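Each of the next two complexes has chain A plus one other chain: chain B in the first, chain C in the second.
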Partner chain A sequence: MSTATLVHVVVSGLATGSIYALMALALVIIYNATRTLNFAQGDMLMVSTFAGWAAHRAWELPLIVTMLVAVAAAALLALVIERVIIRRSIAATHWDVLIITVGLSLMLRSAAGLVWTHEDQAFPSFFGDRPITLGPVKLAPVSLGIIGGSLALMLCLYGLFTHTRVGRAMRAVAQNQRGARLMGISVERVYSLSWVLAAAVGAIAGVLVAPVTFLSTKMGIVVINGFTAAVIGGFGSMPGAVAGGMLLGVIENLAPLYLPSGIRYSVPFLILVAILLVRPAGLFGRIEQRKV
Partner chain B sequence: MKAALEIEDVSVYYGKRRALERVSVRVGEGEIVTLLGANGAGKSTVLRAVSGLVRPTGGRIVYAGRDITRWPADAIVAAGIGHVPEGRDIFPEFTVLDNLLVGGHTVARRELAGRLESAFELFPLLRERRRQPAGTLSGGEQQMLAMGRALVARPRLLLLDEPSLGLAPMLTREIFRVIRRINQSGVSVLLVEQNARRALGVAHRGYVLETGRLVVSGASRDLLEDQRVQTAYLGLRPPTEGAREGG
Partner chain C sequence: MRRWALGALGAGVLAWPWVAPRYFVFLASLILVNAVVAIGLNLLSGYTNQLSFGHAGFLAIGAYAAALLTIHAPAIPVVVTLLLGGAITAVVGLAFGVPCLRLGGLYLSMATLAFGFVVAEVILNLDALTRGADGLRVPAGRIAGWALSTDTARYYLAAAVTAVLVAGAVNLTRTRVGRAFLAIRESEVAAQASGVSLAAYRTAAFGVSAFYTGVAGGLFAFVVGYLSPDAFDVFLSVDFVVMIILGGLGSVPGSIMGAAVVTVLHDWLAAFQNFRPLIFGAILIACMLFMPGGMARALRPLGRR
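Coming up: the complex of A and B.
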């Protein structure tokens, strides 16, 4: 196989991986603040992308505004879900809340089908179709666009979590909720904010990926890959989520070159099992030590 | 004396279990008041009720003239009550500096640098360790960090829960020296402490709790002389026996 093909496959793998990484980050942001695993994260991505698409069709919005509409829809959806449903089940076990989010995920999927359509829809892209040629290597602009856009978003998140008061408060809540309360942090506000932020990250991922995968009520299934990526990276670690996503995307794209092409959809789980055997806490994870 | 804090007839239940029954405690402006009692007597619960971590089922808590009984914890901190809990609740993955910065969550940005400086002044060791992850500090250093972190918000009233727990005698002395200094700068202190002799040594007044009820209260001087306090918390035997054994 030529190097050119390899580079091409790796780059599209990184593009896929970027989306997984964003999904993983969204899951980790909510998990760190609330210890809830939000199984509906993928379907929230799907609904907000649909909302952007609907606005785009109705008012012929420029794409950047479409993305903002998707983000705003995501934020609103997350706020309502968190305040109306999740906040009320605050005393329930994490397992109960997980089941609630599974239910939410099914509801969102059906609702999107009823309101919009179950048919796949084309989604406008920020990027052209003409491949970019670098010597013998041909790269799809959309792959580079997804990678670039995702990296930019990750940098923003990094800045938010390390250099702002609110980001520091969110990380404080992740480490010790009672301690955070005693510092004057409203833990409830951090819950809401985490849901909104995670949903916004998902919406941007959705708008980036929809031109490639098409807009569909089934696109929420990416939550599985995001979850796998987060576990590979060490659940709770944000750098881990990014590394896990990228790794997953690249291997998933490389595997069919060497192995029967049907293997592609088993790859995430094979990697997951392999990594957990070697490093049970994931790449960047720590074994959680709970004090009694 | 004007009251910094008035706890009036406060009862607290954890589920069905009674933790506090109609407890009243008063902390005057600029006073150090200590709560004594055995493990499980409800001392920490008093502090938790004040800082909003647990909700009283009855009674009220008045701070600086305002009824804060139902306020959320974050509003209580913002109003000027600092709580250094038992176990310290530091953020282990953050550096010492980041811990202090979180302590300044409610502080205006332009004042933050000065507040950090005064925390470093009180605990010079924290300045040396400021880049170190807090989880790697020793117990005594973590206690200093927890106190320094609470002081960044410049509370008017400081709740201290077992500040000397598990510390070597020298560190304990250091912590108590700082408590006195903090108090001299005008901060009222409500102190929970296992080491009754030390607590009464620093406090102006004290209260003794037994299974969620107040049994004795008074000036530290008087409590040190009180027979019940002596037998139960100061490790002295009743005078008859003591006299016989020449103690």
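Coming up: the complex of A and C.
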């Protein structure tokens, strides 16, 4: 196989991986604050992308405004879900909350189908169709756009978590809730904020990926890839989520080139399980020392 | 009081095919199958705290094993087929459990999720044996020269097998293994300090859980009569997790109630078509908000009276 093909495949793998990474980041943001796994994260992505699409169709908005609408819809949705449902189950176990998010996922998917449509829809893209040629290598602008957009968003998140008061408060809650509360941080506000932030990250990922995968009520299934990516990286670690996502995307795109088509869906999973066997807490995770 | 309640329940289960229409006999068989899976999953998740998102994979292995045995060796009695299916699944479960010993919490859930995907794809690719996506028709099982070709016959088979497995699960806590499971459930550290080998019992839990699920898979094959890989997708695994959390982690009656509620809801809501997931999701959320800890905990005060 030529190097040019390989480069092309790796780049589209990185594009897929960026989306997985953003999904993983969204899951990790909520998990770090509230220790819950949000099974509905993918369906929140889907609903907010649909909201942007509906606004775009109704008022012929420019794309950047469409994205803002999607983000706003995501923030509102997350705020409502957190305040009305999750906050009320604050005393429940993590398993109970997991089932609540499973229920939410079903409801959101069904509601989106009823309000909008269950059929696939085309979604406008920021980027053109004409491939960018670099010597022998041809790259799809949309792949580069997804990678660039995702990296920009990740940098923003990095800045938020390291250089702002809010970000520091979120990290403090992730490390030690009681300690954070004693330092005067409103843990409840951080809960809400984490849901809103995670949903916003998901919405941007949704708007970036929808032109490639089409907009459909089934796109929420990406939560499983995001979960896989986050686990590979070490659940709770943000650099890990990014690395895990990229790795998953590239492996998934490379596997069909070298392997018979029959096993191509299994192989990424087998590789990932193999990684976990060598590093049981993921690439960037640390094994928690239990104290008695 | 308790003995009377159990007696009434037993009589109800026995009389069911004589009072209920044919379709509801089939539905009851399905509840029994799901109850066995839920009990198996609960032995793993409720006791040793390992949540599996791959039990549809174990169910598929048991189902295909039983179906293929019936097709290629029709002389074997149904009960032996079910046991063999369970044993094959248990071996797979043990083989899977050993490398996963190092994984905890979400990492283990991820590995089980992967397991489910891989099983579905293996079934799809072994099409010489499993007929892949076309699906496999399962012939009626035989017992002492008598074919189990009616819904009622299959129902009684499922009921008998379930009764034995429920009795096994309830009495498990009277054995050394069961007490070790309980100790691990209460505190892994304390159990280890008392000489309970965490590695050995976590692996054993995988084996037992896979055995239950494998037997349920065999029952599923006979009850439904048709197998195809897409019936065993990740959403089925999620359904099993829903059953045990809704019913109550670590509780055998809870597993049965959870299985019954989820199965009946799926069936009953089929009439609502597009609204089905909406209503099902709303019910799940309401249950968890108003009955944290599941039905077993909500009903506990009644049992004490």
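As a convention for this text, the second predicted complex is superposed on the first by the 284 of 292 C-alpha atoms of A that agree within 3 Å, B and C clash if a C-alpha of one lies under 4 Å from a C-alpha of the other, contacts with A are read in each partner's own complex, and residues count from 1 in each chain.
Note that contacts are C-beta pairs under 8 Å (C-beta built on N, C-alpha and C of every residue); 3 or more make two chains touch, one makes a residue touch a chain.
All of these numbers come straight from a predicted model, not from anything done at the bench.
Chemist: Chain B versus chain C on the shared chain A, clash or fit?
Modeler: fit
Chemist: Tell me the contact category for A:Val212 with respect to chain B and chain C: first, second, both or neither.
Modeler: neither
Chemist: Determine how wide the angle is at the CA centre of chain A between the CA centres of chain C and chain B, giving a multiple of 10 degrees.
Modeler: If I round to tens, I get 90 degrees.
Chemist: Is A:Ala255 contacted by the first partner chain B, the second partner chain C, both or neither?
Modeler: The answer is neither, since A:Ala255 touches no partner chain.
Chemist: Touching A:Ala26, do we find chain B (first), chain C (second), both, or neither?
Modeler: It touches nothing on chain B or chain C.
Chemist: Considering only touches as defined above, state whether A:Arg165 meets chain B (first), chain C (second), both or neither.
Modeler: first
Chemist: Of the two partner chains, chain B (first) and chain C (second), which one does A:Ala55 touch, if any: first, second, both, or neither?
Modeler: A:Ala55 contacts neither chain B nor chain C.
Chemist: Which chain, chain B or chain C, ends up touching more residues of chain A in the combined arrangement?
Modeler: Counting contacted residues of chain A, the larger count belongs to C.
Chemist: Answer with first, second, both or neither: which of chain B and chain C does A:Gly179 touch in the superposed model?
Modeler: A:Gly179 sits against chain B, while chain C stays out of touch.
Chemist: Between chain B and chain C, once the two complexes are placed on the common chain, what is the minimum CA to CA distance in Å?
Modeler: So the smallest C-alpha gap separating chain B from chain C comes to 17 Å.
Chemist: Where on chain A do the contacts with chain B and the contacts with chain C coincide?
Modeler: none
Chemist: Please give the residue numbers of chain A that touch chain B in the complex, ascending.
Modeler: 165, 168-169, 171-172, 175-176, 178-187
Chemist: Within the complex, which stretch of chain C touches chain A?
Modeler: Residues 51, 99, 102-104, 106-107, 110-111, 113-114, 117-118, 121-122, 124-125, 189, 234, 238, 241-242, 245-246, 249, 274-278, 280-285, 287-289, 292-294 of chain C touch chain A in their complex.
Chemist: Any idea which chain B residues touch chain A in the complex?
Modeler: Within the complex, chain B touches chain A at residues 51-53, 72-74, 77-78, 82-83, 85, 89-94, 98, 101-103, 105-106, 149-150, 153.
Chemist: Help me check something: in the complex, which residues belonging to chain A touch chain C?
Modeler: Spelled out, the residues of chain A in touch with chain C are 37, 85, 88-89, 91-93, 95-100, 102-111, 113-114, 118, 224, 227-228, 231, 235, 262-263, 265-266, 269-270, 272-273, 276-277, 280-282, 290, 292.
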